[in-house]
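Chains here go by letter, A, B, C and D, matching the order in which they are written, and residues are numbered from 1 within each.
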């Protein structure tokens, strides 16, 4: 068992090492064969593990590989904790990763960094598996940073583009801001409990109740709240919650497969996973839950609004990812951890699907990402179209697609939640459904319906360079479409099949802990639960369903029925549109205030601290002082014999006086 | 207070007076190096007076031996001093102390 | 007051007066002559203390030799006496103050000193003084005496070396240099080009120079 | 068998250094290089032997050698290592070997000789058990370093080397006074005896000040750091690495300051923590504004040393272990980054960041390794840089949440300047015409940097062997510091 578990992350690692070190020396296809095979085997093994956990009832497998560090008071170990939660994540991660690996074969076909790309994504898979399988904070942090590194490298994959390297750096730094909170949260738990092992922390979490920590002598806060907020800040960085979200849209600089894998399906959900994993700790702090529900709702609604005004197909999907991550965070805040994980899973499928479909469109149009230059692809790319449509329905949450089953409970949970801010969250999420439908179908309509607009640009001055654009876009190769189909199938059925065990059954068992007395959202959901079919039928009476339909209709009106209406609306809104176009000026704020502020602080430190104080005052000042002293003493050396004689006699006198007094 | 009969104290006081006079001479002398040398002779003479007085007081001739050695040393000192004086005069044309300030910092 | 006491006071006064004269005389010659007087007086004082040999030596060596040397130098150098600077008194005041304080302190130290004895000094001079001194000097202090002799020798050499001037006109040989001479110092073989410079070469080299 | 292993370790490089100096002009310098390499290898193997034979379960001094040296003052030639020294001896051996092996044909014999002598003296300082012996080794290291920077350094070398010398000398003079005082009290120069010497708090505070001057300059800590960026930047690469990687200053804190004056250290701990935090944040920001690659590395190293001193003064087992591991790791990382800078400078002729850019195209090997070392500098888990940083921050959070928060800023600031450096050097468009014409790392450079990378990765993935060696000694040190000497 240990061997098998160890193989699951290690196979992708070996594949990554192979592709990284030998990728350029061996034929291209070796890289993708090795990587796909490794991740595929990982997937199969993960599925076996899941089977064992679910069917054979190994509810919790906890193995230790080796002692990383023996601190005397505690041992920091590397090992695996496999319970229903991590088994599910392992399957989702390896499945999506495997499909993306296959897809990459088609997408990156002509790229010179082919082997390097495979090496990176295989490494990413390894790190992500280390993260979800970890049984302690240390290893989780290892995976956490590993996926961050992979993300950094992959966003900056086309390193000759300054915007790409900048986006990579931005992603890394924003994540480091999150890590700052994460590490402090870990530190607090470690300082109080003396261990980093999840099992031990959960067993002793009650000891933390009522403890206070002084932030500064005199300022006392509840320890659990501070620790949870710290951990949540980490999650905010990784899962791109407002205000640490700006790196995610920029990360679209990376190749599309990684947008699907890292920035939609897996890595960005690591924060959600972490909070769910830490549910026993978070249950202890209403303040932290409240913070989560508010931050999540704000992210969900504000990012959905921004999604409306994007013209880059990938950015639309990116903002939708942000918005959906907000939904998950709200679920966490409402103590509906299982709902969050359930949405995480379905989201992984339909969002990866949407990204890969967008990628398929992008290849077909020769790396054209602007929605305004697409249109009418429905006939030319039928598979892509159908799968996209399925993804869009799932995203919008139309019954019976998976998104419906996962999103609806979250909205309900927000309504039933007891912590501060839940009403705000409920309304924000409900409105979010409408907006989601709007931007999703705006994208679908612009890309696949209407008249083709991709040819128009090539009649301009760039005729020669855009020659290939004259060829009509055609359906992508099988390596691209097969992953789309698999994901589409998952997007359709994942919800309807798994809602019963995951939300209302005992699938998660003890791996997720909810305080169902104080935070009874899940309990109240369960009270209303009358089976899948009833749930489906009930959907037609709920507000979100009709809002979704209204959203689709609005999108249809503004894109297909009356395209000019959109422009008129933009003119009418004027300033408000500008705010949206500039992403609420958050980026500008970071750029102008934080980044420039840091730079000016840095240069001030150099000028004031290093040049003036250290070099000027301490070093040169000392030199000057010595020089000045020497100059002054020079005047004592008159050169006249009688002055020296006088000084000697004076010295004699002093000596005698001293003797006299002593006597 | 010492009486009128010359005792060791009297001799010591005399030597001290001689020493102070010559020291004042050394300090106040601005004229030439030659007088400076003479004042130094006086300083050593006062030291010798102490030797001889103590020699008489302890009835021990060692003090006189020491005085003799001092005399020899003083002789050497004045010989070398005068030689330097001559060199100085050759180089600068005078032996005024005020003009000797090459050691000025 | 006994005669010896009287003699002491007289000599002391003369000694101090001549000392003051030494340091204050305008003319260096006067100073030197005053110093001679001071030496004489000191010799007399020593003799009253029973140190006849030392007193006589002082007269012979100092008055006879060292002071003559001083006067020689004085005359040889022809020191023109520059006038006392107007700030003479300004210099004198601190010197006198320091001197006075110092004197006061020494007096205090001597008067309060533990060694202060009130009985008069042994002045019974025996004829054996010189003999005893000689015995002491050549037996107990023989090495010190040798050292002093070496010191005198060194002083003599130093004085000669310092003042001796090499005559520019004297011709003399340097045997050391003569012995150390080598072939290269005498003979230098210069390798030269054979003097067959043609017209072309001249042109060529002039071109080179231009480059 | 009673071979004086430590003496061999100390004197072999020194004697070899002198020999290299003697034959430096023979046959175009080839014998001198050969000799230097042989000596470095020999010292390395001796160090490996020491590491292998070291009993990690014991906190006692091992490989002891004691010979009375100056009996009148009770000064002994007394050597011995415990868990704290052995790590640094190992690191010094590795660093010396790499530095010497990195020298290409054409490097000056006198340079190699100075490096070897410095290396030998460093072994001495790490294994001395007698205060005078320690002081002599500690100070003697200045001489070859002073000469190397002054002779082989960059454009500002004279200024840099003078400043370096004066600063270091100034600091250690205070230590000398402290040693004299302690001798006066105890009539011995044995460090072991001093560890158990009762001292009044007042005297401890004064001694603390004296030791602090010496070690804070050497470490360096704010505000006594002004020599370091100049010296690191102007020194030739090998010397810069020897200077920055040996960590003798921080070792002084562990060996002399903390055990001899523990009560004063307790009393002054809040101030020391403040200074360390200031160093972490301040130097982080300063590094962000650097335009010179070597200076950036220098400031980064100093910022990390702030974290090390923070770990010392938290009086916490986890933080202290972290600090020791961070010292080792930072030594390796700084060495690696300096090597990378050197490789770049050899090709581009400049350390300025603006002259690099886009080297990933021309030098994929260097780019890969540089990114790896940058990640180690940031403290990414899996690299050695993480272990120490993580433990120190854990300790700091346990000490006081505010201190922890400030210490944890290194996570962000460190990443900021390192990534900025990577972005300017490795990625981006080619801004300088010569970049496109350069060649990638040669076999020797590749091997060298790969060894460092492997060591860092190894310690990052499994730091237990490293800590295991020092664990007993650190525990003993902590227990000792907890006992009052009043």
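Keep this in mind: a residue touches a chain if its C-beta (ideal position, glycine included) is under 8 Å from a C-beta of that chain, and two chains touch if they have at least 3 such contacts.
Every value quoted in this text rests on a predicted model; they were computed, and no experiment measured them.
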item	value
Two chains sharing the most C-beta contacts	B-C
Per-chain CA centroid nearest to the all-protein CA mean	D
Inter-chain centre distance, subunit C versus subunit D - centres from mean C-alpha coordinates, in Å	62
Between subunit C and subunit A, distance of the C-alpha-averaged centres to the nearest whole Å	95
Inter-chain centre distance, subunit B versus subunit D - centres from mean C-alpha coordinates, in Å	63
Interchain centroid distance [CA atoms averaged], subunit B/subunit C, Å	11
Two or more partner chains touched - positions in subunit D	none
Multi-chain contact residues (two or more partners), subunit A	642, 646, 649
Where subunit B touches two or more other chains, by residue	23, 26-30, 98
Contact pairs between chains, per stated definition	A-B, A-C, A-D, B-C
Residue numbers on subunit B that touch subunit A, as the complex places them	23, 26-30, 36, 97-98, 100-105
Contact footprint of subunit A on subunit D as seen in their complex	163, 223, 225-226, 229, 282, 285-286, 288-290, 317-318, 321, 358, 360-361, 371, 375, 378, 380-382, 386-387, 390-391, 393-394, 396-398, 400-402, 404-405, 408-409, 411-412, 415-416, 419-420, 423, 426-429, 461-464, 467-468, 471, 475
Of subunit A, residues touching subunit D in the complex	66-73, 138, 141-142, 144-146, 149, 152-153, 156, 159-160, 162, 165-166, 169, 172-173, 176-177, 179-180, 183-184, 186-188, 190-191, 213-217, 226, 598-599, 601-603, 605-606, 609-610, 613-615, 618-619
Subunit C to subunit A touching residues, read off their complex	91, 94-95, 98, 101-102, 105-106, 108-109, 112
Subunit B-facing residues of subunit C, complex	1-2, 4-5, 8-9, 12, 15-16, 19-20, 22-25, 28, 31-32, 35, 38-39, 42, 45-46, 49-51, 53-54, 57-58, 61-62, 65-66, 69-70, 73-74, 76-77, 79-82, 84-85, 88, 91-92, 94-96, 98-100, 102-103, 106-107, 110-111, 115-123, 129, 132-133, 136-137, 140-141, 144-145, 148, 151-152, 154-156, 158-160, 162-163
